[in-house]
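Two complexes come next, and they have one chain in common, chain A, joined by chain B in the first and chain C in the second.
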Partner chain A sequence: MLPSETKVLIVDDSVHVRLLLRATLDKLGFPPVLQAADGEEGWQLFLTESPHLVFLDQIMPRMDGAEVLARIRSHGADTRVIVLSSVAGAEKIIHAKEMGADHYILKPFTREKVAEVLSQLGWEIQVEADS
Partner chain B sequence: MEGTKLRMETSDFSSDSWLLSKGIILFLGDQMNIARQMRRDLAQTDSRLISCRTEKGVRRILDKCAVDILILQDRSMARPGVGLLHRLRHSYPDDPFFTLLLISPEEHEYLSAAFEAGIDDFITVPYDRLTLLGQVRTGIRSATLRRQLTSKNDNLSAAVTSYEGAFNQVGALAHELQEKNQQLEQLNSLKDEMIDIVAHDLRNPMSAVEMYLDYLIEALPNLPEEPKSFLLNAKTLVADGLTMLSELLDISNFETGRIKLHPDIVQLKPFLVPIVERMNLLFRQKGIHYDLNLEEAPETWILDKKRIGQVLENLLTNAAKFSQRDSRVRVCVSEHDQSLNISVEDEGQGIPGSEISIIFDKFHKGFAKPTADESSTGLGLAIAKQIVEQHQGTISVQSRIGEGSVFTVRVPSHPPLPNHTEESLQVAHVAQ
Partner chain C sequence: MNTCPHCNALNAPTRHYCRNCGRLIVTFCCHCGFANDIEAQYCGGCGEPVAATDLSLDRSSKIGTTAVTPPTIGRLTAEEQAELQRINRHRRETIAIGGSRTTLTQEDLDRLFGKETK
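This part shows the complex of A and B:
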């Protein structure tokens, strides 16, 4: 898959995670991404926009990541979901994989980690030489 | 109570005139002629005889004086006499007076009851004077001895009481100590929790700051020198802070047993070479030469790759930190006595003997200072020690001031293999 042809949705209640992930994806060649600050908003955006890839935080107000993931999977869409989680939620990650997440990224994340996970999921990531 | 009573001196029994016994003798009876005769017979002695007719009179005297001998005339011994003696002994349990019963020959059948009631001796009337004087002497001596015994007993029981007091005090102190220890343990684990929480909560914002700085540095390649160096300084400081946080989390995870090893059969060369090469930049910056000697290294070893790699990185970083330009760092890997030995030798400042024993303690920052003002948490070696010890191995250091140090890690050939289930292994991996 080509990053430039991928519609991405980031669902996370931390504005810094959204901004930094957006900047990271921009560097990796993705087009401007969609963003949601909680699960409910994320789910609504998913329904209207049908993204190819969703970055999904676990603990969020209104609707948590597990619920959004369950809805995405029962919706039947072929969307890739990468769960974002803190170290404290290790069991939650395993649970998320059982629930149908494609991969996970631990916070705090690095650009390299994001690139690595996306490569593993089949995106053609150009790793630029670090300045 | 005895001290308040009037006492006569009764100590002088050693003189030739043994008759001169000093004491207070109390006579209870109704035959005053006998009492008078006795007073006359005792006149030559230093004893004083007081006569009473009633129990009440006797009590009055006993309340005031330290009586040595109580003489009971036979008729008072016959009922209620036995009861009387019982009552007196009961009322004056600490009074050491000697009881002497006056009895006529035909009343000798009472003697057994009288002894049972607690008399000490008897005199048959009519008595002869010498027998009386002898009995008086015996009685006074006996009362004196009893008095001494009582006082010794008092001392003894005072000693026992004070011993018991001390014993109870020690018990109470031990209890207090135990409670204090529990409190300290609680405080300590509270402290660990705090460190854990703070480190976790600081890590996310600091990582975000680090990434923002990365993007700024990338986005502004044409900044003038000074603002650019400020950005780079900020990035270095944040990175150092993050290293400290992750070391704090590491040590706290090791101490609470949350980090478990994941040993595996590891090809040593492909494992070790990249670690040393990653340090290349750091060594080059400081003009330090390094050798990696794998000639005597075994092909494979069982160890936790990630963790032993962390130990080696730490030792190499330290060697770089504390070495001068143009010095040499040698890494040598070999097998000795069924152990893998990894030694890192530098030509740095060396470690004073007094620090060798504490250099692996938490937060230890030694006498040696980094040669290029690098930061140090004092946790790296403590973590290395935890990791090596979890491999059942040892880490040690030999050093000479001004010549350098050699750190040696020994990993025995059979570190414990993990006994986790697949699932717990997965959780542990994820948690890391």
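This part shows the complex of A and C:
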């Protein structure tokens, strides 16, 4: 899949993470992304926008990432979900996998790691050199 | 002697909890209650596939609000068995991926999720 044809939703309560990830995806050729600052807002955006790809934090106000992930999978959509979190506990991570997460990236993340994971998931990523 | 899968301490076969880290080192069969070693696939007491009680991961849960009770001997409901199987699968995957660690690294995650990348 081409990055330029991908609708992306970032669900994270940290504005810094959203900004950094947005800049990362911009560098990787993705169009402007949708953003949500908590799980409930993310779920509502998911329902209205049907994104192809979701970056999902674990710990958020109102609705946590596990609940959002469960709802997305219950919805039956073929959306790719990458959990992006500082939660490194094995039980939480394996639970996310069982719930249908396509990958899990630990914070702090690098552009290279995001590009690598997206490539693995089928996106045609071409990393631009920093100017 | 049984080796604790969490801290590698050696324990007497009669122990259910590790003498060093306090974590559960046996898997109780949900069919007969037999205490199997934690990686057993089939029960040493009845020969059934091990679908067991997790009960508690460490001593701290013994003194929490949820009392830890001995495993129920006898048949569990299908729902209870499914939940126990899920917990045991978690435990095995955790041990397989992260060894005795309770937190995983990005490399662990790449192995865990990379296997099933479409």
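Here is the rule we use: the second predicted complex is superposed on the first by the 124 of 131 C-alpha atoms of A that agree within 3 Å, B and C clash if a C-alpha of one lies under 4 Å from a C-alpha of the other, contacts with A are read in each partner's own complex, and residues count from 1 in each chain.
The rule is simple: contacts are C-beta pairs under 8 Å (C-beta built on N, C-alpha and C of every residue); 3 or more make two chains touch, one makes a residue touch a chain.
From a predicted model like this one, the values you see are computed outputs, not experimental measurements.
Q: Touch check for A:16: first (chain B), second (chain C), both, or neither?
A: first
Q: Just to be sure I read the superposition right, which of the two partners does A:122 touch: chain B = first, chain C = second, or both, or neither?
A: In the superposed model, A:122 contacts chain C only, not chain B.
Q: Using the superposition on chain A described above, determine whether A:113 touches chain B (first), chain C (second), both, or neither.
A: The second partner, chain C, only.
Q: On the A-aligned overlay, A:31 touches which partner chain: chain B = first, chain C = second, or both, or neither?
A: neither
Q: Who does A:101 touch here: chain B (first), chain C (second), both, or neither?
A: second
Q: Now for A:61: first (chain B), second (chain C), both, or neither, which partner does it touch?
A: neither
Q: Which residues of chain A are in contact with chain B in one complex and with chain C in the other?
A: Dual-contact residues (chain A): 88, 90-91, 93-94, 104, 106.
Q: Spell out the residues on chain A that touch chain C in their complex, using ranges where they run on.
A: Contacts found on chain A: 88-91, 93-95, 97-98, 101-106, 113, 120-122.
Q: Report the residues of chain A in contact with chain B in the complex, numbered from low to high.
A: 14, 16-17, 20, 23-24, 86-88, 90-91, 93-94, 104, 106-111, 131
Q: For chain B, which residues count as touching chain A in their complex?
A: Where chain B meets chain A, its residues are 200, 203-208, 211-212, 214-215, 217-218, 221, 423, 426-427, 430-431.
Q: Would you mind writing out the residues of chain C in touch with chain A in their complex?
A: Going by the criterion above, the answer is residues 86, 90, 93-94, 97-98, 101-106, 109, 112-114, 117-118.
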